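Two complexes come next, and they have one chain in common, chain A, joined by chain B in the first and chain C in the second.
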Partner chain A sequence: MEAVTQYLLTGLSVGSVYAMVGLGFYVMWTAAKAVNFNFGDIFMLGAVLTVVAIDQGIPLLPAAVLAVAAAAIAAAAIERGFVRPFNREANAIGWMLTTIAVGTMIESATTALFGSNPRGLPSPLAETPIRLGGAGIYPQELLLPVALIIVAVGLELFYRRTMLGRAMRAVAWNRTAAGLVGIDADRITLIAFGIAGVLGALAGLLIGPVVQASSTMGAVIGLKGFMVAIIAGIANARGVVIAGVLYGVAEKFIEGYLSTAARDAIGFTLMVLLLLLFPQGLFGRKEIKKV
Partner chain B sequence: MTHHATAGIAPQLASPRPRRKLLRSALLGGFALAAASASPATAQRAEPCIGISMEVTGPLANQGLMLRIALETALDKINAAGGVLGRPLRLVIYDDVGEPARAVDNARRIGERDNCVVMFGGARTPNAIALREPLAEMGLPWVGSISAGTGVIEHPGGRNEWMFRVSMKDRWVTEYLIQQAKARSQSGKIAFVYEGTAWGQGALPDIEAAARRNNVTLAGRETFNIGDQDMSAQMIRLRDAGVDTVVLWAVDRESANMLRSMDRIGWKPRIISAWGLTTAFARAVGPLAEGIMVAGTFNWNGPLSPAAQAAFDAMKAKFPDRIRTTADMEQPSAMANAWDAIHITVEALKIAGAYDRTRLRDAMFRVNYTGLVADYRPAFIRGNQERMDAVLPEAYKLQAFHNGMLMPIEATPFGMRN
Partner chain C sequence: MNAITGIAAEDLPAPAGAPILSVSGLRVSYGRIEAVRGVDLAVGAGEFVGIIGSNGAGKTSLLRAVTGVLKPAGGSVTFDGADTTGSGSHVMVARGLAMVPEGRMVFADQSVRDNLLLGAFTRIKADPQGVAADIDRMTRMFPRLGERIDQQAGTLSGGEQQMLAIARGLLSRPKLLVIDELSLGLAPKILDMLFPVLTQLNREGLSILLVEQMASYALAVTHRTYVMENGRVLFDGESKALAGDDRVLDAYLGRRGKH
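Let's look at the complex of A and B:
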């Protein structure tokens, strides 16, 4: 029972990270029908830039705000410089290559400037775990599902209740028609990538105190965030949240009862099988195009 | 050599043998000539440079930086004293990004384009193993001071002629770790936790063999993937198996995440680790590192000999932004190994009397040298590839993290002396 409790707790925490990164992919995709494939680097910047800001003598909370803002600007800049110019034509795929290239550059530059060693990100919530019998969790990790709920509800309200959110939905629905009614689709897409950057950086910032900040911390997380977005159906935010959390919990049970070493192999196999059964994703709907 | 081969063919040309036989003899002679001229034995004048392929960028770039600090400082000292054989020695650094293919490419540059007299190696065992054939083809001596994989030095069929090491050897390290764990475990339940890389998986058979030799039955074997952020499942299994001592084979980041997982479930076994843990690990996890023991060859935080103090002072003077106190020597053993490796190589060059790779290789077996890590008498033994490792298990030392520093274990409250 202790083991089950532990797997549920850590699975919930890790799954929340996957879901927040997956939501970042959702926001990018709905606005641009393109994503930053190396979004894991934005996740990494959230943690690394916080450490850098703390090194400069800035207290934790302002440092965190600065880091998230800087990562969001970086995400928007990637859209402007490496996605938009390569996503002009229908069915363009150049942005795939350019976002992977710029991600590699960001990771290399971070290694050179920040160093290859992981660095602790100090947080009072990551010092003493809360113990439940033989299981336990750091309060910092409990922040992740809380943040996920706030972010998911906030996004829903943003898309439904604000002019900017409605404009984003309009662009997602029909970019040309949105332009005809006066919506600046390029500007909306830029903002969407910036919002995605906030989500990714926030996830990195929140898990950083538990797993340390390092230049390579985002590679696997970015891949898994993308994976859960695809499993869910990338255009369904609620589905992304559910798929992310479920995948995180499933991973822990695979580690606990099947195989640690084969965890990712089993997880990715599961993803392929699910996509075979549900080509639009678990929660996706088939797109109907009127001709 | 060329003259003799030509003379061997000439009488055959003069005899009345059938044309086909003549042609065959000429071809054989030609091949012999070509083979003789390509043989490493004829490799002649090389440049006074040490080429090194290591991780300048990539996840282990910090290990590369620590190597550079030790090697460049040692070379400054050597060159200030007049160099070697009247010429200054240069260090040529290539980045392998941790990839074996890049390491091979760099070795070709060092051996063929730069024509360096010797090559030094970086941190990764797979990269060093990938160099076995290219080094033998080029006749280029190689000296490692980190990569500890047994196969780096002990080649199949005992064929190692060119690769030397002034570092630990995994087969000996595993024996040492098991013995230390056995001496410290109260329940006798010892487990092995290792990373799922070539380095970690390569150690598993050595650990199992060492356990058998020491009458230890491993109570658990757990692995994890690079980048894993939670290892609760593995730690729960070990805790429930009653394990009280963990032999660890991992590097900083994942080891820190493992400690967090132990902390979550309130389990604190004794940990005795291979030398993948550095002072950066202690900085990352804070008090959780307290008491973790690490095998190594040298510790800068204990009492230093005059030679070691001089080496540290020189590194501090040359790299004042990076080395301020002995706690900044993040790879303490590797830095001492590298310091000794370059001095052993210089001694061998003096014995060789020329910048000639083959003569340098042969001279390596004649070096006797008192270094920081050990008294190398001799450094290497010809015809015994097991002893192309200079640092013997007798020189291994147990260290422990105490107050955020990696200290000699006798300077900490954590148990027995070595």
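Let's look at the complex of A and C:
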């Protein structure tokens, strides 16, 4: 019973990370019909830049804010330099290659500058675990589902209640029509990538104290975030949140009852099977086919 | 003060003044296919101008180049005294040119109200009260939109979507409203209601450029009409005079022989 509680709680925590990264993919995809494939690097920058800022003597909270802002700017710059020029034609796929290329550059540069050893991200919430229903967990880990709820609700309100959010949905629906009401669709897409950057970097710095910050920490998590977004049906934000959390919980149960080694093998197999059964994603709407 | 467009009468240039839009030698091509091959066209301030022609005559491509949806391959566009050749559509809207696109293109996943707010995207920050007042005017002009204000635009009928597309266009307070294929897919009953609205808007001072495949409607409501064929303007003239002109019928039936 205690084991089950433990798996649920840690699963909820890591699942919230997948969900937030998945939401980043959702925001990028809706605006641009393209994504930054190496979005995991933005996640990584959130944690690594916080450590770097703390090294400079900046206290934790301002360091975190600076890191998120810098990562968001990097995410927007990637849109401008590596997505937009390669996403001009309908069905363009150049951005797939270019975002992977720039992501690899960022990862290598970070390894060179930051070092290849993981470093701790000090947080007062990750010093002593608390006991909850027989399970031991760091308060830091409980922060993640809370952050996920705030981010998801905030995103929903942003899309429905603000002019910028409405404009972003308008661009997602029909770029030409958005232009014809005076919306600069390119600018909106740039902002969308920046917002996605905030989500990714926030997830990175929040899980940083638990997993340690390193130049490679984003690679697999970025992939998993992309996977849960696809499995959910990438155009459905609520679906992405649910899929992310469920995948995190499922992972912890596989880890607990089988082994850590089995986790990704079984997890990815499960995802492939789900995609076979639901080609549009679990919560995706059937896309209108053009004949 | 104009009840619908919100333009005060004294703001309006004299109808016989400089054209609000003038297009010269405009060419549009898609790869090697030339859709528009050197078109000259002008819309005077306060004028209601039509462009008619059969399917594939280049009408929509011409409009798309004028409104900045695509870049022309050659020629120039002058709007409201400035050279706007190649300006993006969002720039054109800010300059005072709004377009009701072919197929209406309402934001189907957003409410009628949100569609109208988006129509005012370029001015809502500066003038939120004016926008709210204009939305009220639109719901008086099209009561059906008022009844469905919180409904998703995708659930509206074709006629209601066309009303929404017109109202959305007007919310930017344009100097020139460009309409592409108003009649597309709509029942005659709806058209008999929509065309008088355009006439009314024009009487209140709005310049309108209407592209229309149903020539009879266009000739009945506009002052002047251009007839297009194969990417060129064949001729233009007073709409009243053209209504009885055999050349119009010839253009539609391709009876000029050479093509």
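Just so it is clear, the second predicted complex is superposed on the first by the 284 of 291 C-alpha atoms of A that agree within 3 Å, B and C clash if a C-alpha of one lies under 4 Å from a C-alpha of the other, contacts with A are read in each partner's own complex, and residues count from 1 in each chain.
We adopt the following convention: a contact is a pair of C-beta atoms (placed from the backbone, for glycine too) under 8 Å apart; a residue touches a chain by one contact, two chains touch by 3 or more.
Not measured: the values here are computed from a predicted model.
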### Task
Scan A:Ala185 for contacts with chain B and chain C and give back first, second, both or neither.
second
### Message
I'd like to know which partner A:Val27 touches here: chain B for first, chain C for second, both or neither.
### Response
neither
### Query
Of the two partner chains, chain B (first) and chain C (second), which one does A:Ser214 touch, if any: first, second, both, or neither?
first
### Query
Given the touch rule stated above, what does A:Thr176 touch, chain B (first), chain C (second), both, or neither?
second
#### Entry: Contact breadth on chain A, by residue count: chain C or chain B
B
### Query
A:Leu206 contacts which: chain B (first), chain C (second), both, neither?
neither
### Task
Please indicate which partner A:Ala3 is in contact with in the superposed arrangement: first for chain B, second for chain C, both, or neither.
first
### Query
Where on chain A is chain C touching in the complex?
163, 166-167, 169-170, 173-174, 176-185
## Note on the structure
chain A residues touching chain B in their complex are 2-3, 6-7, 10, 13-14, 108, 111-112, 115-120, 129, 131, 134-138, 207, 210-212, 214, 216-217, 219-220, 252, 255-256, 260-261, 263-264
### Touch list for chain B against partner chain A, complex
55, 57-62, 196, 222-225, 227, 229-234, 236, 239-240, 252-253, 256-257, 260, 263-266, 278, 280, 283-286, 330
### Query
Can you list the chain C residues touching chain A in their complex?
67-69, 88-90, 93-94, 98-99, 101, 105-110, 114, 117-119, 121-122, 124-125, 168-169, 172
